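Okay, so subunit A shows up in both of these, paired with subunit B first and subunit C after.
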Partner chain A sequence: MLMEHFNMALVNWSRAQFALTALYHWLFVPLTLGTSFILAIMETIYVKTGKDIWKRITKFWMTLFAINFAIGVATGIILEFEFGTNWSNYSWFVGDIFGAPLAIEGIMAFFMESTFFAVMFFGWNKVSKGFHLTSTWLVAIGSNLSALWILVANAWMQNPVGMHFNPETARNEMMNFWTILFSPTAVNKFLHTISSAYVMSAIFVLGVSAWFLLKKRNEALAKRSMIVASTFGLIMSIFMVVTGDESAREIYRVQPMKFASMEGLYYGETNAPLVAIGFFDRTPSPVNPKTREWAAKIEIPNLLSYMATMNPHAFVPGIHDLVHGNEAHGIISYYDRIKMGKLAIAALKEFKMAKKAANDSTAKAALKTFEANYKYFGYGYYNDPHKLIPNVPLTFYSFHTMVGLGMLFVLIFLLTLIYGVKGKLPKKRWMLYIALWAIPLAYLAQETGWMVAEFGRQPWVVQDYMPTLSAVSNIDQTSVIITFFLFGVVFTVLLIAEIKIMLKQIKQLKDGGQQ
Partner chain B sequence: MFENLSYLALQQYWWAIIALLGGVLVFMLFVQGGQTLLYTLGKTDTEVKMLVNSLGRKWDLTFTSLVVFGGAAFASFPLFYSTSFGGAYWVWMIILFAFILQAVSYEYRTKANNWLGTRTYDTFLFINGLIATVFLGTAVATFFTGSLFSVSGMHHSFWQSPYRGLELALNFGRYATYVNLSLGLAVFFLSRILASLYFMNNIDDETIMQRARDRVKKCAIPFLVFFLFFLINILVIKGFNYDPVTKVVNMEAFKYLHNLLAMPLVLIIMLVGVVLVLWGIYRAVFATEKCGKKAIWFAGLGTILTVFALLLTAGYNHTAFYPSIFDLQSSLTIQNASSSHYTLTAMSYVSLLVPFVIAYIWYAWSQMNKTPITKKEMEEDTHAY
Partner chain C sequence: MAEFFKKIFYFYYDGFRSMTVGKKLWIIVIIKLFIIFAIFKLFFFPDFLKTNFKTDQQRSDYVIEQLTK
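Moving on, here comes the complex of A and B:
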């Protein structure tokens, strides 16, 4: 089947629904991942020092944690099932690999989170101090373990390893569990995502505390929280930058098209400069891009080559090189990949028919052709290679927003920590305003990070093997349109309720002074 | 150690795990049953608050059981996951929406400035209680009565009804619909019985105790009627048999009865399960108060065993566990729907974590349940829902 035979409206609505549900879910998850550790640190200080104020501090942030956690759970359940409901062909094609991390996530992480969440909230007067503290740590470990497994699953889609295709069952089957778990993409993705989540949580704690100081309320709680948050945040933001850098190299290696889109690089270059800040003049057409379509840009010489390969003079291929190929640099063109993909698809069909007719020699020959070309299987669904290019401006702007904000956060943590330790924070009102306004920016950074990862890899659900169009369920688009709007309405209503409750909790807090 | 098991043995092991998860999930639906009883058993705000908080310490485990059931089904029987979830789209979507509403309701219901008001969140809890029990029960019945789908040579599945699964509960021209619905309603009433037993155990309040006991009495009759209607029907209907060698699916009279007779252990588990449920109900209604407090353990264990045995009956002894009445040969069996030998082996190692998980859940619960919920605690706890 060719692209023209697919119901593209269904594909797009299914994508829209997945994007909607995932983006909503991701509004809440990072705060859970990081705040759970911040709570554990605060409660540890309470248990160590025995000072009541630390118990009140812990309890206050715990209340906000729970409000956020509830809606995170609400938006999360659909994602466990959406691969089946909306991407059922995907679920078979790679279910043998992809299902495992999801199941492990449930067994290893979700039970731990939900069991000890109840102890953490309702156990203050029911269980011992030690068991309570352990429970708080286990909630943090549980939620971060769940991030591990779902990110391993996601990383596998970006960089499918440790599997082989079984033509008998028409699916990919797992060959090596450890290769999948410890693939460099998985490791980087996990470390970069959780460290960014810790940064976002630290910004949240910092910003809310800054608001207290601006309003001259709960100063004892706010000052202490800011020290914890900026220390935690500073360490994690440096870790985030390092893992982000490593991730970029990994993307360059396994998803060069995504990498070129992130940088808006249409024509490959040696000594490639990094566009630090740039704006497109008008939406560039991938068919015939012109370099002058940049309205303005600030470049750092050689940095892109260095970022991609650790060699400042190396060649970095652009979108044009990938589509049209570049013999000098050993790049197979998308035109050739499409040809090979088509051979693989035809050979698989032939293999199936020959098997049915018990024609072993034909089956064997078909299998040989299939195996030689399977590497580019997914390309075979297309005729026009330009359909295999992601939305470049979206990927570019998302990437640059994410990176720019990440750098800003490092600076914020550094300053708040210095002023905090010196006890000067309440007087630096400009700093407090920046910290407060960093909260929406942290959310923006999280969402743009998700967009780089997910829009940048389009049209692939499984890199090179399966495009979105062959992954969708065989279902009428009307059903998907209805559920899309239902999710939109329900999640928005719940989000408004969540924000109202959260703000009220912050406003009505009375921390009880220094004791 | 799992590497040495045959492919079939691994498939059977994983079907047993799915069956056990199904049993645990149905037991944990007591949370949902309880959510439909908030204003039946609670007449004052404090009483409702006690009921909500009693359930509020357990609800996310039910939620997690459902999620793990989905994940385990995906990992072990991906063709079931892709066929059922992608096919019976509306059934699953309605169930999921009900759970989305539940997830925020406990936390938000009494929070200041919660926008929608306590009653709305309590209504969400009621909706979740009603839909989750009836729909999940009805869906499980289709393991015996079949659905409308076909599976292509490339293992793409196609649902063959525009109603996307809703026809299984709403096509009143088909006898099997009544069998499906009877299990849905049986699960609904069972969940209310289990919830009442749970409240008797978990809440220290004379009035609620008395009302819960009455509720057990009132729900026992409809539960038994619907459950027996379902059970008798599946014992006498034609079932979906497949030839272990050729894998060809055919209809066999009294298939599920044959399965139970061929697997006496499963039959015993089912009988013990049913007796335990009845014994739990009996203790709550007729025995002393102290006995009533323990009744949940009997009825709960009984529920797990009964559902476990029912699901084993649906999948073992070369039976198609997810049959298609549209195209018999598209029916899913534990052999044609499963993951590869390698994946099942890897996942079997993961399954060794399960006893450990059960142990820490049990430990945490026993620590938390040492003191039952009282009015006093509700007034003092600032975190109370």
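Moving on, here comes the complex of A and C:
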């Protein structure tokens, strides 16, 4: 079936619904991942020093952690509902690969939440300090391990490895669990995502503490919290930059179209410069982009080549090279991939029919053709290769917003740490305002990071094998539209509830004085 | 053994009883779970392949048909 024959309105509504759910879900998750470790560090200081102020600090942040956890918990379940209803072709296609990681995640989350969460919240003065601290650390480790399995599943979609497609069942079967778990994409995705979550949480702690200092309330709690948050945040933001750099190289290797879109690189170059800051004058035409479509840009010479290959002089293919091919650099054009994809789709159909008719020799020949071309299976749904280009301005701006904010956070952590250690933070009101306003920016960085990963890989739901259009279920789009708006309302209500309850807790925290 | 389970029961029981902000959160969690499972799942999110087909063979035939038509 060609692209033109799919119900694109249904595809787009299904995508919009999934994006809405994932974006809202991701508002809650990173704060849980990072705050859990910040709590564990604070409680460790309490246990080591025996000072009550640290117990008070830990309990305060634990309350905010609990609010975020309670509001956010189970919002991810909706994504799984959507897999079964709206994305049934996709769910069937990947089922065996996703089964194991998601089952581990479910079991782990259940045991973690029902035991160690309870000890963490109910166990003060009921269990020993050591056991309570262990529980807090286990909650942190468990929450992050829980995220690992989801991210491994997502990484497999970006870089499908360790599987074999069974043409008789139309399912991918897991060949090697460890290849999937330790694929470079999975490792980088996990490390970069959790480190960015830690950075966001550190900014959250920093910002709320800055508000206390601006209001001259709970100064002892705020100053100590800021030292912990800025130290943790600084270390994690540097780690985030390193893992981001590694991720970029991995994207270049397995998703060169996404990489080119992140940089708005239409024509490949040797000694390719990195666009540090840039603005499109107008949305570039994917068919015939022009260099003048950049309104302004500041470039760093050779850095893109270096970032992609560790060689500052290397050739980096642009969108045009990928679509039209580049023989000199061994790049197969999208036109050729489409031809091979069509062969694979036709061969799969022929294989299935021959099997039904018990015609073994035809089935064998069809299978051979299918296996030879399966690598580009998903391309076969298209005639026009330009439909295989993601939204370049959206990917470009998301990427540059994420990177720019990441750099800003490094600076914020560095300055707050220096001023904090010198005891000058309460006097640096401009710094406190920046820290406070960095909270929404940290959320923005999280969401744009998600957009780079997910919009940048379009049209693929499973890279090269399955585009979104062949992944959707053949259902009535009205129900998708209704649930899109229902989700919008429910998630917005939840978000407002979270913000209101959190603000109330922050504002009503009894002033513990300056020491 | 009974004493052990009794202790665990009271650990949770006392914990829930002494919650302050937690009570409001629990109400939100319960309402949210009700909406997710009793409304969304029940009325809007049936499993497409499980609902429409009885066997895995039928499901795989259908998906292949969708992927190749």
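Remarks
Here, the second predicted complex is superposed on the first by the 504 of 515 C-alpha atoms of A that agree within 3 Å, B and C clash if a C-alpha of one lies under 4 Å from a C-alpha of the other, contacts with A are read in each partner's own complex, and residues count from 1 in each chain.
Just so we're on the same page, contacts are C-beta pairs under 8 Å (C-beta built on N, C-alpha and C of every residue); 3 or more make two chains touch, one makes a residue touch a chain.
Source: prediction; values computed, not measured.
Model built by superposing both complexes on subunit A: subunit B and subunit C clash. Once chain A of one complex is fitted onto chain A of the other, the partner contacts of A:F177 are limited to subunit B, with no touch recorded for subunit C.
Looking at the shared chain after the overlay, A:F131 reaches subunit B, while subunit C stays out of its contact range. Legend: residue contacts after superposition of the two complexes on their common chain; A:E105 is shown touching subunit B, with no touch to subunit C.
In the superposition on chain A, no contact is made by A:A372 with either subunit B or subunit C. In the superposition on chain A, contact is made by A:D476 with subunit B only, not with subunit C. After overlaying the two complexes on the shared chain, residue contacts for A:L411 are found with neither subunit B nor subunit C. When the two structures are aligned on the shared chain, A:F117 is found in touch with subunit B, with no touch to subunit C. In the superposition on chain A, A:E168 makes contact with subunit C only, while subunit B stays out of contact range. Of the two partners subunit B and subunit C, more subunit A residues are in touch with B.
Touch criterion met: A:K500 reaches subunit B, while subunit C stays clear of it. Aligning on the C-alpha atoms of chain A brings subunit B into conflict with subunit C at a single listed stretch, 145-153, out of 145-153, 271-279 or 289-297. Shared interface residues of subunit A, touching subunit B in one complex and subunit C in the other, are 63, 66-67, 70-71, 73-74, 77-78, 81, 84-86, 88-89, 91-92, 118, 121-123, 126, 169-171, 352, 473-475, 479, 483, 486, 490, 494, 497, 501, 505.
Residues 53, 57-58, 60-61, 63-64, 66-68, 70-72, 74-76, 78-79, 81-87, 89-90, 92-93, 96-97, 99-104, 106-108, 111-116, 153-159, 162, 164, 339-340, 342-343, 346-347, 350-351, 353-354, 357, 360-361, 364-365, 367-368, 370-371, 381-383 of subunit B are the ones that touch subunit A when the two sit in their complex. Here subunit C touches subunit A in the complex through residues 11-12, 14-16, 18, 21-22, 24-26, 28-29, 32-33, 35-36, 40-41, 44-50, 56, 59-61, 63-64, 66-69, going by the rule given at the top.
Taken together, the subunit A residues at the contact with subunit C in this complex read 1, 63, 66-67, 70-71, 73-74, 77-78, 81-82, 84-86, 88-89, 91-93, 118, 121-123, 126, 167-171, 345-346, 348-349, 352, 470, 473-475, 479, 482-483, 486, 490, 494, 497, 501, 505. Note for the complex: subunit A touches subunit B at residues 59, 62-63, 66-67, 69-71, 73-75, 77-78, 80-81, 83-89, 91-92, 95-100, 102-108, 110-119, 121-127, 131, 135, 166, 169-171, 173-175, 177, 352, 356, 473-476, 479, 483, 486, 490, 493-494, 496-498, 500-501, 503-505, 508.
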